Amino acid sequence: MAHTGDPLYKQRLIPQFVTDKVKEAYPTVQSLIIDELMPLEATFLQKGFSAVWPALNKLRDKVKQQGLWLPVLHDTADNLALTLTEFAQLSEVMALSPLGHYIFNCQAPDIGNIELLGKYGSEEIKAKYLAPLIEGKIRSCFSMTEPEFAGSNPIHMATTAEKNGEQYIINGHKWFTTSADGAAFAVVMAVTDAANENPYQKASMVIVPTDNPGFELVRNISIMGETGESYMSHAEIKYNDCKVPINNLVGQAGTGFLLAQERLGPGRIHHCMRWIGICERALDMLCKRVMSRELDKDKPLASKQAIQFWIAEIRTGIDAARMMVLQAAQAIDQYGVKASRVQVSQIKFFVADLLMNTLDRAIQAHGALGVTDDTVLSFWYRHERGARIYDGPDEVHKSVVARQVLKEYKNLSAK
Amino acid sequence: MAHTGDPLYKQRLIPQFVTDKVKEAYPTVQSLIIDELMPLEATFLQKGFSAVWPALNKLRDKVKQQGLWLPVLHDTADNLALTLTEFAQLSEVMALSPLGHYIFNCQAPDIGNIELLGKYGSEEIKAKYLAPLIEGKIRSCFSMTEPEFAGSNPIHMATTAEKNGEQYIINGHKWFTTSADGAAFAVVMAVTDAANENPYQKASMVIVPTDNPGFELVRNISIMGETGESYMSHAEIKYNDCKVPINNLVGQAGTGFLLAQERLGPGRIHHCMRWIGICERALDMLCKRVMSRELDKDKPLASKQAIQFWIAEIRTGIDAARMMVLQAAQAIDQYGVKASRVQVSQIKFFVADLLMNTLDRAIQAHGALGVTDDTVLSFWYRHERGARIYDGPDEVHKSVVARQVLKEYKNLSAK
Amino acid sequence: MAHTGDPLYKQRLIPQFVTDKVKEAYPTVQSLIIDELMPLEATFLQKGFSAVWPALNKLRDKVKQQGLWLPVLHDTADNLALTLTEFAQLSEVMALSPLGHYIFNCQAPDIGNIELLGKYGSEEIKAKYLAPLIEGKIRSCFSMTEPEFAGSNPIHMATTAEKNGEQYIINGHKWFTTSADGAAFAVVMAVTDAANENPYQKASMVIVPTDNPGFELVRNISIMGETGESYMSHAEIKYNDCKVPINNLVGQAGTGFLLAQERLGPGRIHHCMRWIGICERALDMLCKRVMSRELDKDKPLASKQAIQFWIAEIRTGIDAARMMVLQAAQAIDQYGVKASRVQVSQIKFFVADLLMNTLDRAIQAHGALGVTDDTVLSFWYRHERGARIYDGPDEVHKSVVARQVLKEYKNLSAK
Amino acid sequence: MAHTGDPLYKQRLIPQFVTDKVKEAYPTVQSLIIDELMPLEATFLQKGFSAVWPALNKLRDKVKQQGLWLPVLHDTADNLALTLTEFAQLSEVMALSPLGHYIFNCQAPDIGNIELLGKYGSEEIKAKYLAPLIEGKIRSCFSMTEPEFAGSNPIHMATTAEKNGEQYIINGHKWFTTSADGAAFAVVMAVTDAANENPYQKASMVIVPTDNPGFELVRNISIMGETGESYMSHAEIKYNDCKVPINNLVGQAGTGFLLAQERLGPGRIHHCMRWIGICERALDMLCKRVMSRELDKDKPLASKQAIQFWIAEIRTGIDAARMMVLQAAQAIDQYGVKASRVQVSQIKFFVADLLMNTLDRAIQAHGALGVTDDTVLSFWYRHERGARIYDGPDEVHKSVVARQVLKEYKNLSAK
């Protein structure tokens, strides 16, 4: 291949975690992302998602033909049925370009909804909502965060789903409902049992189709200078007396928080591996830049010690992060989300910090070019600033880890 | 006034630097910025510069009426004729809102060109270009950086101004020519004497009107997701055989670098004071947010130790920065730009670092809201990322300081 | 002088703060410290305080002859009667070598006790304890911290001074009573009114001569590998039924905390200026090292960018710190300790952080030599680690600053 | 056991790396270190190595009886013959107390010399020097660093070993020869072929018995306030015409650097695992402190968010470091030292940084107690500051990593 020798194609597989399935799929995923998706980046960055949508769809077809569609799905015959640990290793490669997960139908928030509905949806829900989602015919969204309450304390929530005969009537105000624009349905977190003494058993998840007359997409929120559109957007939504059949309930009533936790665990692994992929790409861009940019004749930027330190620190940070994330994925595969909670919190803040640092330094190494949209760095700098906030801000995850560490000492003191 | 007690109106004047002129103008500037300009922010953030332009012009008129127009200008009877140190103290207040300097006609790059042409322009240039610029009737731009060369080593430059009879013929490729869109003229840095042995004496500054047939505005560069427009833009420009009278030369031929240094010194003070103003505003927003956002009943975000540390570190950082910057401004006032070079380099990286840290933490304290364009934080996070790059990246300024410190030890070793 | 050109002799005076008194004394202090005290350093580092004590006494005589003895003292005719701001500028020079303050009789804890007793001691106390302390004939100590309670919350204290007729009977357990070994008396903080509702009015300060039969110096605490001796020591002390006349009370009963605050304010300025002096010396050593140490022929360590960044960051940090500390000193001079509390907290953590960073980098630049006692760096690295702990840990000072900043917003919210 | 529930006994084994041998030995090593060695710490810290030497010898006997003596040794029937990866996992436990490795006869520098002589020593050397070293009857040292040259560039060295008939005559000046005091012999790095064009082939390793008349132990260098003694010391040595048989040459002439690299690779793994053990102990002490130290009634220090963040960051840092170090150890086991060079450089700076941060925060959490020698923290703070310097300073290792990363891009640019 033409790319022989380009370090971007280097296989970053770790013996302790790799499997035959991963080994086999890896080069194909690499080629799809690097050879076929990356050439669309410039158009995407300058003209937006819809400008590359037709090309993305062609790539989606190719992915299906190669048997790599939704490779983490276990329920059907056609999928690779990867473990989370296996998927994590491919996920990193998909993340080398912003829309990588989309062409494999593994994009958030759909992947999370697919896992959720596959595990907890009724047969009816599976047939009506899950099946077309798996096929990639529709998109979905997940509606949890409310502007009036701190997301870091999820027991406060004002959206309600009142039972009225065979229907739930949903009222509430949400925002940061990612990809709502153009989605077919929303999984909505709402209070169904406000009187419950246990604050963690008040809420449930209910499916609301977006063509419901009470579903009001107030706006695509302008985030970091971009309103976005379609899949690339984050909506503010009002639910005004949305009536849906009680069968739209996901799982049991009162299990909203439980399911959210269940959904967030693998979701955080997905994020972390995605961030590692972004870091690899940013480091690759940094290296290519500093080798080619000359400060003076035959004195490339790479000769500067500060630049060298950045490279060493990023390379080492990524290598540490990958080990940590894969070990956390393996813990989830083996012991479940709940038992792996601390590990997941650890990687959440460790990798988010690495990510922001890496992007910042890659931009700095690019000089003026780094802040333009002529490279993908600025896109990530803006779109990933949220990494340290969503799915629990760093500060919350650090407290989770500390409390767990200190718990063992509490017993000790009590003796 | 209605704002009694709002800490944003606190006067942050330092006895060692304040003068009567500053004391007198300060509250008026505060009121213009906080009471009159800030209400326009939301429209500006959502709809862009042109949406607030008419309102800005009214404010400009008000500024003129109050005798605060271009207060740093010394040459005319109508201006306050502030020293750089005095202006720095007002500049900080102007910076509390993104377009503050604009309404005082102190906005970069015009302010720099005004200082430059006032000092080095011929009478003809002053009449034709400077006068309307001072009046605010036209805008201008400064065209130096080239995409093909590292800005941190200014001796490399490909744009040429060839003398041909009574004309210069200018050819070259520039970018990051801020506010070129809509400007009446550009001050262009170009090589006039390629053969000169001294690499710092090869270039000159020449005025090129933007209606010159060879002036090609290739694009407003998309930066951090925004193409921008008019004053709020950064252009890529091609100069194709632009013919201009030799009288358009600014100062002497071969003095391009000298003038650039002269221009950059006060420019960096302007930037630093502007950054301090942004930090004050961001800290104010942070404090307001953490006092009002509750994690739980009667437990505001402000009760968190991590938040408190951020506040203490930012407050202390700003206080240190202000002292440093004012001292550097005073050094320039007293001893000139060249003698103050090290101090200017010190504040450039010290304050830029403070700025990015402050914005980052203010965003983090705002949670999801922090990444939206519902506040001004995201605007600055994107627009000021360049602070650590333009006018010399941090890395260059640190080396400047170190070399100067070590110079004294060189003499020592030699003994 | 022989030292012409050695940057260590550079005068680092700031126009906004310097006075004629400072200007005049400065070179003499420099010469005493650099030319006369520094040559004793090696002996001090290898053999301890007592080995240089005779030489120090000779230097003390010289200081007296030059009229620089206790220059901050105001009450007698022979002293310079410097303001705190003036003294701070000389204090920095004294700090260039570990025993600098000692030869001027400005060493902690004696300087603090001198200020305290001068302000609050009865005539009897002044005659008996203060006078010989001022003359340098005796030493003293200050006994406040208790091992059983967190120093950061001073309302908890178990030492008591019970009134019994004309005597106080003192019982308690203290540690970190600096320089108790060889001191003539201790100023002891003890609870005199346990029943007082106001926790800040329970304690008083009482003088206990160290020859009191109940004064038990348990040990000189081994700190960072050194037990120390004499002036250079920190004692653990038991007060066992120490009977002293009630006239040994300093100030009014119940004013212990008030006096402690009064004592700590200037004390923190003293510390901060001392730390700045240490930073200047460490940076000087770093520069001399990197200019003379060759990695390869004609390639000194100073050519490394990482080293250059350290120099630039330290130089800038010191310059910022000096401005901050002098401004805080001036605030104390003008408005008193209480009104300057926030500024004092700001410099306490800002300069302590700078100090530890500077020492760490100076050591790193010295390589293996840096960890030996062949230079003074290791002494400071060990002896000053406490800087971020004593007189209030960084964490407490940051909260003080944040609470003060947020106080203004509380009023705002309440409206 | 009495220690049930004390988190210090928690087994921190990683499934991907653990083996049966490790699993079996682990609890015994834990018990020897925690139950038997730690009780000697206070005496060691207050009175030095010789005060605990008899007790250490008894523990050494116990270790032999339990079959854990020199468990990394492969050549004899009595040893566990652990791989480096296996040993690393026990090494961490040994490091929980300062003399842990000593009681297993795995202490530096002896362990390095044992590995070296086992691999490259002649039969004569093995019988005369290696055998008693293995038995723990003698100690040894390694003499490489010279005060006059930067250790980071090993091609510069002035010590020579001149061949003269059947003898080498060694002359030179070394320092930081750890544990020379009381050692039976030194392995000396000396130039044997100054004329060799390849600067890496000039030096050889030669054994010099310390009773050689020309072996002059100038001093035990005072390091961070301690001269030390016996095993706990670092000597400055002069080699004055030391005559030794040519058979004392280790390996081939001219292989000095090669052997040094060979020796340093596993040595750095040893250091890193030791540092991880220290971090675990420091974190354990920190947790115990903050759970028991009350700021106010029922408000332990552990309730502070800053403390919690420290715990979370240290816990996560250690977990990342352990994975990295074990993977590097495995790389050495599988592919040798040379092939693992970059990984070894990565862990060297990553873990040294973690170590110093962890110790610093553990001290800060202990307040005044933290700087005393009443805990082991101060010992490590002083003794391990060298971690970022010895065996290559951080700065050198970062450059090694960066150059290796960039090497792949060099090929790319060349195309």
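Side notes on the structure shown:
Residue numbering begins at 1 within each chain, and the chains themselves are lettered A, B, C and D in the order written.
Convention: a residue touches a chain if its C-beta (ideal position, glycine included) is under 8 Å from a C-beta of that chain, and two chains touch if they have at least 3 such contacts.
Model, not experiment: these values are computed from the prediction.
Touching chain C and chain D at once are the following chains: A, B.
Chain centres were defined as the mean of their Cα atoms; on that basis the chain farthest from chain B turns out to be D. Averaged Cα coordinates give chain B a centre that lies 53 Å from the centre of chain D. A straight line joining the Cα centres of chain A and chain D is 42 Å long. Between chain A and chain B the centroid-to-centroid distance comes to 38 Å (mean Cα coordinates, whole Å).
For chain C, the set of residues that touch two or more other chains comprises 304-306, 309, 395.
Chain contact summary for the complex, chain D toward chain A: residues 5-7, 10, 14, 16-17, 283, 287-288, 290-292, 302, 305, 307-309, 311-313, 315-316, 319-321, 323-324, 327, 345-346, 349-350, 395, 397-403, 405-406, 408-413, 415. Per the touch definition, chain D reaches chain C in the complex via residues 45-46, 145, 147, 150-153, 156, 175-176, 221-226, 293-296, 301, 304, 306, 363-364, 367-374, 378-379, 381-382, 385-386, 388-390, 393-395.
Chain A makes touch with chain C in their complex at residues 304-306, 309.
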